[in-house]
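Inspection log for the structure reproduced underneath, given as structure tokens.
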Amino acid sequence: MANATVHPEAQLGSGCQLGQNVVIMAGVRLGEQVVVGHNVVIHPDTILGDGVHVGDNSVLGRSPRPASTSTVTEANELPGLKVGAGTTIGSGVVLYSGSRIGDDCLIADQSFVREKCVIGDAVIVGRGVTVENETTIGSYTKIQSQAYITAWTTIEDHVFVAPCVVTTNDNFMGRTAERFKYRKGPTIRQGARVGANTTLLPGVTIGREAFVAAGSVVTRDVPDETLVLGSPARPVRAVPEREFAANQ
Amino acid sequence: MANATVHPEAQLGSGCQLGQNVVIMAGVRLGEQVVVGHNVVIHPDTILGDGVHVGDNSVLGRSPRPASTSTVTEANELPGLKVGAGTTIGSGVVLYSGSRIGDDCLIADQSFVREKCVIGDAVIVGRGVTVENETTIGSYTKIQSQAYITAWTTIEDHVFVAPCVVTTNDNFMGRTAERFKYRKGPTIRQGARVGANTTLLPGVTIGREAFVAAGSVVTRDVPDETLVLGSPARPVRAVPEREFAANQ
Amino acid sequence: MANATVHPEAQLGSGCQLGQNVVIMAGVRLGEQVVVGHNVVIHPDTILGDGVHVGDNSVLGRSPRPASTSTVTEANELPGLKVGAGTTIGSGVVLYSGSRIGDDCLIADQSFVREKCVIGDAVIVGRGVTVENETTIGSYTKIQSQAYITAWTTIEDHVFVAPCVVTTNDNFMGRTAERFKYRKGPTIRQGARVGANTTLLPGVTIGREAFVAAGSVVTRDVPDETLVLGSPARPVRAVPEREFAANQ
């Protein structure tokens, strides 16, 4: 176990491997055959399922500590981070407490997931991605590198979010008290594809099996099975059925 | 103090807590009740005020070391990084020497601040943000996640920079000698709001209490209290007074 | 050598300096006068040339480990990462095995390079940049902060890729089997400049000494020595010869 610092109240399953300079805090539970890289910090009450791999220099299960000027109220008493069996976590990743990640996911290098998120099974969260708080991501969905997923977003199953997609949740950008009524991330329905570097305005719905072309700015809801394009994005044609997620 | 490596010429105030594998170099001064996470590296002459919190795996006060091919001349003899009382620094953050950060700020996870920057009080620098060298950011300003703030930018107080905003400073993109005359980041005046994934061309001024809609490309100055939209961004209407920063 | 963990089968040249908590694995070879920061992890068979500097908390030469649902087949038996003499690597960087980086490069903080990339000499890879797998970058090229370089991209010499440029390689966004036939990153020819926050569609070629204005969406090939602008980007005028890379 090299020179890891393991709290006496942590539990490690059989066959776990810990790298150098690892810190494991109270109440952490690692399943069987978990592999933890070097310089990894695992905060209290984090649970990693069987066969989870964690890359070097990652921080798992840290607690939120917003600025006094943030509109996010401090989340106390959150449960520990929970990561399902067979999931791979990259290097330099930061994951918060109070979130659940499913089985067989890839949470790639230098990515980031805030508190109170629920991520399904076999999801890819790409390199450098932000997933802000209270977001839900369905199974088999891919969030490509450097995408920005804002708070209170809902993404269903089999969705493809291309690199550097930008989502938003507040048309008032932090002004007026009424903004709290309207504040809402996008909803991206099953099988939809959202192109690289597109911008989704607050609260828009991207329909099932819809397709947003790269570089678009989406200001209104996109109907199911429809390809939209431009700034503002407008419907252009139907998505071919052979491209539906259901037909792969 | 766990197994931290603390240089004999560093000074730690009363009540400081250091994590595992922390490295603190010569001339570092920590105020009272400073909390430093695991695997944190604090470079020479860094000063952290009372009550500063630093997340795991962050690097504070490192010196610039540009490539030989960079146009940035090497900054020797910079003073140490200075961080004000009550500021929270996240995990995986990299901050350079020669910059000053005010009191009660949040410098979020995986963000980055270069040398010779001045950041006011109660500022939020979001997750994964870049703040390049010689940039000034006023108090109560929020730079949201993944925004890119180029060198020689001026941002005043109470500004809202939305996620993934992109700023620029060189219309010549590294060519001709005359570019050094014109090279200039944007100026964002007090109370302005800049929408997600907008692009600001070099040297533009965003007026006081102005509003740039998400996804715009700003090629000219934006008048005070004006909403602009599109690519290139054009004035659309006045910003309602109830949304002014001054009226919150 | 502080408290570094150095595998007995690693080789260190004369004058190397290792920080605290460094881990160096089997088969690693460091040239002379290599400086390695604190908390750095160097994976098996990595080769660093003379005078290479590595910032704190970086991970060099890690192996790819894609999700079971990824379309990237696992790259086994990759050679170790190779970094040329005089190259500077920042803090919080993640570099994969199976890639080669030339001499005198700057691989800036928090950046990322995947496997099977070839990067020339005197290249700058900016802060937070992604370089995905099987990409080639020519000498004297600058990839500015937060740019996203997709897999199977070709970038020639003396190219300027501005901050937050987004590249793509798959018009089908992960659907249909035929996509594998068409999947292709952009080709950016010698001396071209690509403006901040532009989006390059899959397979486009940016001609020699061409100029893409900031915020554009490039859907077709851009002719040599031509300035294009807008969404979709259209030719506007010729690039002045005094701005050619060849004339600097």
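Labels A, B and C are assigned to the chains in the order they are written; within every chain, residues are numbered from 1.
Keep this in mind: a contact is a pair of C-beta atoms (placed from the backbone, for glycine too) under 8 Å apart; a residue touches a chain by one contact, two chains touch by 3 or more.
Quick caveat: nothing in here was measured; it's all calculated off a predicted structure.
K.L.:
Just send me the rotation angle from a CA overlay of chain A on chain C, rounded to the nearest 5 degrees.
P.N.:
Rotation angle, to the nearest 5: 120 degrees.
K.L.:
Since chain B and chain C are copies that touch, is their contact same (over half of the numbers shared) or different (under half)?
P.N.:
different
K.L.:
Find the geometric centre of each of chain B and chain C from their Cα atoms only, then give the gap between the two centres in Å, rounded to an integer.
P.N.:
The answer is 24 Å.
K.L.:
Could you pull out the residues of chain B that touch at least 2 other chains?
P.N.:
21, 39, 57, 92, 110, 128, 146, 164, 197, 231
K.L.:
Can you check the complex and tell me which residues of chain A touch chain B?
P.N.:
5, 21, 23, 39, 41, 57, 59, 62, 65-70, 92, 94, 110, 112, 128, 130, 132, 146, 148, 150, 164, 166-168, 172-176, 197, 199, 201, 217, 231
K.L.:
Under the definition above, what is the set of chain B residues touching chain A in their complex?
P.N.:
Within the complex, chain B contacts chain A at residues 2, 19-21, 37-39, 53, 55-57, 86, 88, 90-92, 104-106, 109-110, 122, 124, 127-128, 140, 142, 145-146, 160, 162-164, 193, 195-197, 211, 214-215, 230-231, 242-245, 248.
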